[in-house]
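Shared between the two complexes below is subunit A, which has subunit B as its partner in the first and subunit C in the second.
Moving on to the complex of A and B:
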C-alpha cells in the first residue's frame, strides 16, 4: 500500500509500480509528457513532465527536493509528494514548451494532426500564446520518401524519439534513426531502407505532433469532423481493439485502442488499412432474387417471407436437406440467430462453420532484419485471418453438437444431400478468396442457394437469392479472439441502402419483431450456451475472457 | 614561500624520455610494485579516499568515494573507463600527460584496476589526439612486453587489460554516461540516472569513469602516501559546509591573450592573477585583461576585478562561477568584444548539444542566434533578459536536463549578462557590429 500526494490530494496506488505520470493520472491530474509511452523505454528527454517532488516524512513534515525531476522517470513511492502547479514546475513546463515551439513551423492550418496534436493541446494548457524568438526558424526539408504508408514532415518534429524507439523495441526492425546533433537533429531512415515493416503506421499514432502522417489518411478529413466508435479489427484472430473514425457513413481510418487484454497499444498496417471495402460502391445495396434466370432487385418485405416459406417447404419434405454456413466474420449474436433460425425451421438442419482463412504463420514482433522473432513477443499478427472463429464454433458446438467444416458443406452440396443452403460470407479482402473453383462447382448444385455477401462474386452469380451483408463497421455484436477474449464492436456507419445488418435479416426471417438488440440477444444466448455465459454481463471497453 | 616542485610534470619538464625504461629509471612502477606486494585493494581505495583527492575531470567529485559506490562482492566484470575525451575548449592538461609521460598515467590505471577489482580498463581517447594515441599505444605495448599488463602481473595474480578506444570527436562523449554509450558503439547520448555508472555502466556492468590526471595522481598518492598529497593545496573552507577541500597538485592550462601560454603544475588554490602574471608572462601586447574564462568555458566568466580569486574547488563559486572545472584559464584582453566571446561560446554549445533534451537542444541554438544577431548590430536590450532567462531555464535551474552540458552553456551567458551588462547595453545601443573574423569551427568539432 503506497500513498502518493499529488498537488495536496492523497491517492492510494496500492502495490502497482507506477511512475509519477501514471500516479498523477490516478489522482485525476495530468502531467504533460511527450517522450514517455507506457510500451516504450523511458528516455526522459522531452523534459515536458518536469515537476517538483518531495517526500512526506512519517512525522508529517514535507521535504521538497531543490531540483525539478522528470515525472516519467521517477517512481511513485509511499510518501512521495508531487507538485505539478508550483511556480517552479509551471516555469519548467512553460519553458520546455517555448523551446519546442522555437523551431516548429506552426503550420497547423495545413497540418493533418491539428485538432489532435499534443503540441497544440499542451501549448493551450501550459504554454504561452506569443513567442519571444525573432530569429529565423530552422527549416529542415521534408523527407521525400521514408516508407509506403508513412510520410515525414521533418520541420514539425519535436524529437521525442518515440518512433525510433518503436522500431527498435516493438517492431525490432530499426528503420528509423536520429541524424545530426543539437537543434539540427532530425529523424530519418537509413539510405535505401524504408520504413516498410508491417507495424509501420503505429509511429503515426505515437507521434505527438504532425511530423509522421499516415499517407492513407493524409488530407482526407479534418479530425474535428470525425466521430469515433469503439470497434475490433476483423483482419486476424488477434482481435486488436480499435478506434473507428468515421463521418457521414464513411469510415476514414482505424486506430489502435489500448487494451492489455487483447493486443496492447498497437495494431498492424494490414488491419489498419483494410477498411476501404466498407465504403466501396460495389457492395450489394438491395436483396436480389433470380427471376427468369436473372438476378433482379426485390423488396425485402416480400422477399423475406418468400425465402422463409421456401426453406420451410423444403424442410418439411426432408429435415436435413437444408443447411447454413456460418461465416467466421459473423458476430456471436448473428451466428446464434442464424443457427436458431435454421433449427427452428428444421431441428435436423445442418450448420457448418464457414471457411477459415489461414495464411502463412503467426508473424511475431519484435523481429530482426531477416524477419526472425527476437525475444518475448510484443505483438503478433496471426495467420488466421478472421475475427470470430471461436465465437461461431461455440455456437455450433451447442446448437449443432459439433463443428462441421466448410469442406463438409461443399461435399454435402456436391452430392445432392442439400436442397437449400444459406451461405453467409462477409470476408474482408485481406482474408483472400474464400472458395475455390471446384468448391463453387459443388455449391452451385444446391437448388436453393442463398448467398449473403458484401460484393458480387462468382458464387453470388450462381445464387437463387442474394442478400447484402454488413461489415463490422455497421453492426453491434461480439467477436471472440484467439485467446477467448470476447470484445464488443459497435456500429458506426449505416449498412447502405438496404439498411439491415446480417442479424436483422436473420431476425426478420425468424419472424422476430422489432429491431435487433445485441445486448438483449447476448443475455438470451448466454443463458442457452454455457460456454458463452460471461456475455450476459457488461463487456466493458476491454471485453471479457470466456472460460 | 618555496617554489613548488612539480610532481606530475616532473619528468616532462626535464624532457625525460617517455619510454618504459626511462620511466622505470626515474622510479616508475615503484607504486605498483608497492601496492601489489604490500597493499590490499581496500587499502589502496582507503589511501585515495584519505588523500581527499577530488576528480580532475571537472566536477570535482572525491575519487576514493566514487570507488566505494561499486556494489560489494560483485561477481564482475567491473570496468574502469579512463575519460581522455578532453574536449573542453582551452584544456590540454591530459594531452600533455598522455603524450609526454604516458606510463605515469597507465601506472595509475593499473593501480585503480587493482583497487576496484576491474580486469579491463577502457581508455576513451578523443579522436583528435593522434599523438597521444600513438604514445599511449606504444606505452601499452611496452607494458605487455614487460609483463605489466595481461595475465598475472608481476606474478601477483593480478589480471589487467587496457584497451585504447578512440572517440569520434563529440564534446558530449566526455560526459561519463555519454562516454559509456559511445564506448558501447551507440550514439553518445548521456543516460538518465539512476542507475549511476558505478551500479550499471558500460555493458550494464558496474563501471568507474575517471579522468587522466586523476589516474596520474593515484600513482603519486600510492607512491608517496595520502598525507603527502594532503600537505599540498587548500583545506576545506569553514564557511562552506559542502566544500571537501582542494588537496594536491593540479595542472593549470593558460591560454588566450597571454605572452606565454602553456601548462603549469601548481598546488591547488593559486590565484588567477598569479597564473597570468607569473606563469603566463602577463597579458599580451602590453594590454590589460578584461576577463578570464576559468576552467573551461562551461564554468562562466571572471572579470579583471575578480582575478584574486583562488582557483581551487571552492574559489570560483564565490564570484558566481560554476566551479574549478578543468582549471584551464583563457584570458581575453580589454580590446576583445564580450559579444564575440559569448558568440563563440554559444556557438560551441549549440554545435555540441547532443539534441536529446528539449531545453538544451533548442535553447543553445536560440542563444547562438540571439548573439549572432547582436554581433550584426541588431541587438535589443530585452535580448539580455531573454538570454538570462534561457540560460536559467535550460540548465542553471537544477534538473531541467539529463546531463550538465546545458548548465555549462548557460553559465557564461548568465555571468556575462550580470558582470558585463553595461558593456553589452552600450554595444546594443550603439548598434555596433562585430569586427572579429567569423569564428570558424576548426578541426576538432
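Moving on to the complex of A and C:
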C-alpha cells in the first residue's frame, strides 16, 4: 500500500510499480511527457515532465527537493509528494516548451499531425504564446526517403527518440538512429537500410509531433474531420484492438488501441493498411439472381423470400442436401444466426467452417536483422489471416456437433450430396485467394449456389444467387482472437447501397423482424452456447476472455 | 360585439385657414424641393454602365491569391473549410510539386451559391491565400457554373488585380509561417 500526494490530493496506488506520470494520471492530473512511453525504456531526455517532488515524513512534515526532477524517471513511493502546479514546475514546463519550439518550423497548416499534436496541445496548456527567438531557425531539410510507409519531416522532430527506441526494443530491427549531436542532431536511417519492418508505421503513432507521418494517410484528411469508432483488426488472429477513423462513410485509417489483453500498444502495417477494400468501388451493391443464365440485380424484398422458399423446398425433399459455409470473417453473432437459419430450415443441414487462410509462420518481434526472434515476444503477427476462426468454431461445435472443414464442403458439393450451398466469404484481399480452381469446379456443381461476398470472383460468377457481404467496418459484433479473447467491433460506415450487413441478411431469411441488435443477440447465443456464455455480459473496451 | 357608446370618440377635421385653402404655397414649396434636387449632385448610378466603387472590406466573390511566382498561395490547410459555416469549401490536398512547400490544393472548389459571404474563410486563412473581393454581381445560368474551382478563383485574382479594384491586401511574409525557407 503506497499513498502518493499529487497537488495536495492523496491517491492510493496499491502495490503497482508506477512512475510519477502514471501515478499522477491515477489522480486525474496530467504531467506532460514526450519521450516516455509505457512500452519503451525510460531515457528522460525531453525534460517535458519536470515537476517539483518531495517527501512526506512520518511526522507529517513535507520536505520538497530543491530541484525539479523528471517525473517519468522517478518511481512513485509511499509518501511521495508531487506538485505539478507550483511556480517551479510551471516555470520548468514553460521553458522546456520554449526550447523545444526554438527551431520548430511551426508549419501546423501543412502538418498532418495538427489537431492531435503533442507540441500543439502542451504549448496551448503549459507554454507561452510568443517566442523570444529572433535568430533564423535551424530547419534541416526533410528526408527524401526513409521507408515505404513512413516519411520523415526532419525539421519538426523534437528528438524524443521514441521512434529509435521502438525499432531497437519492439521491432528489434534498429533501422532508426540519431545522427550528430546537440543542435545538429537528427533522425535518420543507415544508408540503404530503410525503415521497412512490418511494424514500421507504429513510429508514426509514437511520434508526439508531425515529424514521422504515414504515407498512406498523408494529406488525406485533417484529423479533426475524422470520427473514431472502436474496432478490431481483421487481418490475423492476433486481433489487435484498433481505432477506426472515418468520415462520411469512408474509412481513412486504422490506429492501434492500447489493449494489454490483446496485443499491447501497437499493430502491424499489413493490418493497418488493409482497409482500402472497405471503400472499394467494385464491391457488390445489390443482390443478384441468375435470370436466363445471367446474373441480374434484384430487389431484396422479393429475392429474400425466394431464396428462403427454395431452401425450404430442397430441404423438404432431403434434409441434409442443404448446407452453409461459415466464413471465419463472420462475427460470432452472424455465425450463430446463419447456423440457426440453416438448422431451422432443416435440422440435418450441414454447416462447414469456411477456408482458414494461413500464410507462413507466426512472426514474432523483436527480431534480429535475419528475422529470428530475440528475447521474449513483444508483438506477434500470426500466420492465421482471419479474425474469428475460434468464434465460428464455437458456434459450429454447439450447433453442428463438430467442425467440418472447408474441404468437406467442397467434397460434398463435388459428389452431388448438396443441392444448395450458402457460401459466406468476405475475405480481406490480404487473406489471399480462398479457393483453388479445382475446388471451384466442385463447388459450382451445386445447383443452388448462394455466394455472399464483397467483390465479384470466379465463384460468384457461377452462383445462382449473389448477396453483398459487409466488412468489419460496417457491422456490430464480436471477434474471438487466437487466445480466446472476445472483443466487440462497432460499425462506423454504412454497407453500401444494399445497406444490409450479413447478420441482417440472415435475420431477414429467418423471418426475424426488425433491425439486428448485436447485444441482444449475444445474450441469446450465450444462453444457448455454454462456451460463449461470457458474451452475455458487458464486453467493455478490452473484451472478455472465454473460459 | 357592438362597440359600447362610451368607447366611441367623435373627431371632426380641423378647419382650413384661408392660406391653406389657396393651396399655392404648398405647391411652390414642393416644386422648390424638386428644383433643388434637379440641380444638386446626382447620387443615382447608371448600373450596369456605371460601376460602384465599393469599400475594400466589401464581401463579394472569393479569390485565391498568387504568390510572387504566380503559384497558388494556398497550402491546403483546410482552415477555411473548417471555419466555413455554410460548409461550401471543398479541398483535396496533395504533396506540392514545389520544393519550398510540402502541401498544396490539388482541387479547391467553392460553391458560390451555398456561400453566405460571411468572410470567415478569409479570417481563418493563416496564409492570406483566400480573400473576398468587391465583385458582387455574380450571375450564372447553371449551378455547376457557380462552383468556382481553383482556376476560376485564381482568375478572379488576376482580374481584380488587373482592374485594380482589389489590391493585394496580404500582410504576412512570403508564405506566412507555413512556409519553409526558400531553397
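The rule is short, and it goes like this: the second predicted complex is superposed on the first by the 547 of 547 C-alpha atoms of A that agree within 3 Å, B and C clash if a C-alpha of one lies under 4 Å from a C-alpha of the other, contacts with A are read in each partner's own complex, and residues count from 1 in each chain.
Everything that follows uses one rule, which is that a residue touches a chain if its C-beta (ideal position, glycine included) is under 8 Å from a C-beta of that chain, and two chains touch if they have at least 3 such contacts.
As the structure is a computational prediction, the values presented were derived from the model and not from experiment.
A.B. asks: Applying the document's definition of touch, where does A:109 land relative to subunit B and subunit C: first, second, both, or neither?
C.D. replies: second
A.B. asks: Is A:158 contacted by the first partner subunit B, the second partner subunit C, both or neither?
C.D. replies: Once the two structures are laid over each other on A, A:158 reaches subunit B alone.
A.B. asks: Please work out whether A:60 is in contact with subunit B alone, subunit C alone, both, or neither, and reply first, second, both or neither.
C.D. replies: So A:60 meets neither subunit B nor subunit C here.
A.B. asks: Tell me the contact category for A:91 with respect to subunit B and subunit C: first, second, both or neither.
C.D. replies: In the superposed model, A:91 contacts subunit B only, not subunit C.
A.B. asks: More subunit A residues touched by subunit B or by subunit C?
C.D. replies: It is B that touches the greater number of subunit A residues.
A.B. asks: So in the superposed three-chain picture, is A:376 touching just subunit B, just subunit C, both, or none of them (first/second/both/neither)?
C.D. replies: Neither partner.
A.B. asks: Check the residue A:14 against both partner chains and state whether it touches subunit B (first), subunit C (second), both, or neither.
C.D. replies: neither
A.B. asks: Kindly classify A:139 by the partners it touches after superposition: subunit B alone (first), subunit C alone (second), both, or neither?
C.D. replies: After superposing on A, A:139 lies in contact with subunit C but is clear of subunit B.
A.B. asks: Taking the stated contact definition, name every residue in subunit A that is touched by subunit B in one complex and by subunit C in the other, in rising order.
C.D. replies: In the superposed arrangement, which is not itself an observed complex, subunit A uses residues 136 for both subunit B and subunit C.
A.B. asks: Could you pull out which subunit A residues touch subunit B in their complex?
C.D. replies: Residue positions touching the partner: 42-48, 50, 65-70, 73, 88, 91-92, 95-96, 99-100, 102-103, 132-136, 138, 158-159, 178, 180-185.
A.B. asks: In the complex, go through subunit C and note every residue touching subunit A.
C.D. replies: Going through subunit C, the ones touching subunit A are 75-79, 82, 93-95, 101-103, 126-127, 176-181, 183.
A.B. asks: Quick check: in the complex, which residue numbers of subunit A touch subunit C?
C.D. replies: Result: residues 105-110, 114, 136, 139, 141-142, 153, 155, 218-220, 222, 224-225 of subunit A touch subunit C.
A.B. asks: If we count contacts the way the header does, which residues on subunit B are in touch with subunit A in the complex?
C.D. replies: Against subunit A, the touching part of subunit B is residues 170, 172, 187, 192, 350-359, 361-366, 369-370, 372-373, 386, 389, 393-394, 397-402.
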